[in-house]
Amino acid sequence: MTSDVKVPIEPAAFSLPVRVYIEDTDAGGVVYHANYLKYFERARSDWLDTLGVSQRTLLSENCQFVVVSCQLDFVRPALLNDQLTVALQVERLRAASIDFLQQALRNGELLCRAKIKVACIDALTKKPAKLPDVLMQHLQS
Amino acid sequence: MTSDVKVPIEPAAFSLPVRVYIEDTDAGGVVYHANYLKYFERARSDWLDTLGVSQRTLLSENCQFVVVSCQLDFVRPALLNDQLTVALQVERLRAASIDFLQQALRNGELLCRAKIKVACIDALTKKPAKLPDVLMQHLQS
Amino acid sequence: MTSDVKVPIEPAAFSLPVRVYIEDTDAGGVVYHANYLKYFERARSDWLDTLGVSQRTLLSENCQFVVVSCQLDFVRPALLNDQLTVALQVERLRAASIDFLQQALRNGELLCRAKIKVACIDALTKKPAKLPDVLMQHLQS
Amino acid sequence: MTSDVKVPIEPAAFSLPVRVYIEDTDAGGVVYHANYLKYFERARSDWLDTLGVSQRTLLSENCQFVVVSCQLDFVRPALLNDQLTVALQVERLRAASIDFLQQALRNGELLCRAKIKVACIDALTKKPAKLPDVLMQHLQS
């Protein structure tokens, strides 16, 4: 597609420190697997913020982000009170969606790796919508 | 208040079986304390259903239930794969709110007890609103 | 690998009814994407039960199941109070892991599809361990 | 009890900034009520850290903290992407438990207030245990 834009991949375009609390763990003594998806979304939210893109403003303009698909590899378990680094990079930018590569690391050691496709939809019609201009401008520059 | 209606307390006006899954537990090997609030709300939701009150219909009429306050006592821990009974009774019915007594039990043994006040608000103005008629009629009969 | 066992795929080897509660939804008005992983694990837990395999017994024998990887496709959103069917089938059985195909459906309509690899590890050493005999016997017969 | 120690209440003995993510919200568009208990525990965990008390060290010494009871008042709803301050102060210190006063605030405005009793138990016997010395020394000085 001509609307696709290749973004140069950087080792860590953005990263967020995340601490593991008891709420995140399960009876196996490790972070419950579904919670990595929460960590990854926290990083995407804060990354949008650093780009000056407010999710609440977007929602008021009926622009909603939805996760379309994801591939997760759980490499090593995170433990209670671990201090994690949750990293994000844009792998591919399309007109109406973004492919993210994300990682949860502990002291540089990979714990969980994900490929997550997020699409923009019109909050009313629920149909695919173009990514907001403010975001495209940031990502293509 | 004259709009208050005393409802006779019954041992278990409604109860819901709830199974403890790994998602509910924490690294202490027990159900994470905040999750009892989820169990209690599941019971209130299903109880509304048995009364023929649909939360989605209410939301479309801008009637929203919100938890105003709660008092929780954690008596004994629930464990992975426990089969719980989550019980509910109406303690007091007011024009715009309901006081619930709720319990989580395992084979009749009390694990957690709660007193939960739920109010009805107008979803748009966020101001207190009368409980829906359909609910009042059921509870006063 | 000679220890691999091909299991004939059946349309729905097991399914669990799951109701969507407020706890499952997010500000977008739909089920939060990470929560499908919870639904899928509930189905796997109950399926183990129907096979007579107790997770607590397994844990006491230091046999622990961990999710190794997953691929999720979010096709359509589930809404508050939806009644879902969460289905499961074994796609592939190995000596120390199982590949599951799982689906969340609403009135037969696919909402979310997943491929989830679950491995058995020794709870103490955290190293791969053979699947419990009781499970292998059930799945190969 | 002679082992009780009155701790002078300070306006905000400790506070933690907490951002509201989509995972925290529900279909009502606000933070799901049970999640304030998670916020409050995050603050208690980080507060223990600032005192040099590691929960993992405590667990390895079979000292486990459990929430015994709580009283929550939900005053105003928190919204997506709100930046909250989650405050904590010790209201009362006993030999084997602590009463906390906790608040979630947005720009100084009270959203949720809680009184939470946390007890120390022996992780093996599950019986009440004295608070760890390191904690008592910090709190009584």
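Structural remarks
Note that the chains take the letters A, B, C and D in the order they are written out, and that residue 1 is the start of every chain.
One rule holds in what follows: a contact is a pair of C-beta atoms (placed from the backbone, for glycine too) under 8 Å apart; a residue touches a chain by one contact, two chains touch by 3 or more.
As the structure is a prediction and not an experimental result, all values here were calculated from the model.
In terms of C-beta pairs in contact, A-C outnumbers the other of A-B and A-C.
Compared with subunit D, the chain whose C-alpha mean position is the greatest distance off is C. For the pair subunit A and subunit B, the distance between mean C-alpha positions equals 34 Å.
Subunit A and subunit C have centres, each the mean of its CA atoms, that are 24 Å apart.
The residues of subunit A that reach two or more other chains are 22-23, 27-28, 34, 38, 41, 59, 79-80, listed in rising order.
The touching residues of subunit C, counted against subunit D in their complex, run 22-23, 25-30, 32, 34, 79-80. Interface of subunit D with subunit A (complex): residues 19, 21-23, 38, 41-42, 45-46, 49, 54-56, 59, 79-81. Within the complex formed with subunit A, the subunit C residues making contact are 27-28, 33-35, 37-38, 41, 59, 64, 66-74, 77, 123, 126.
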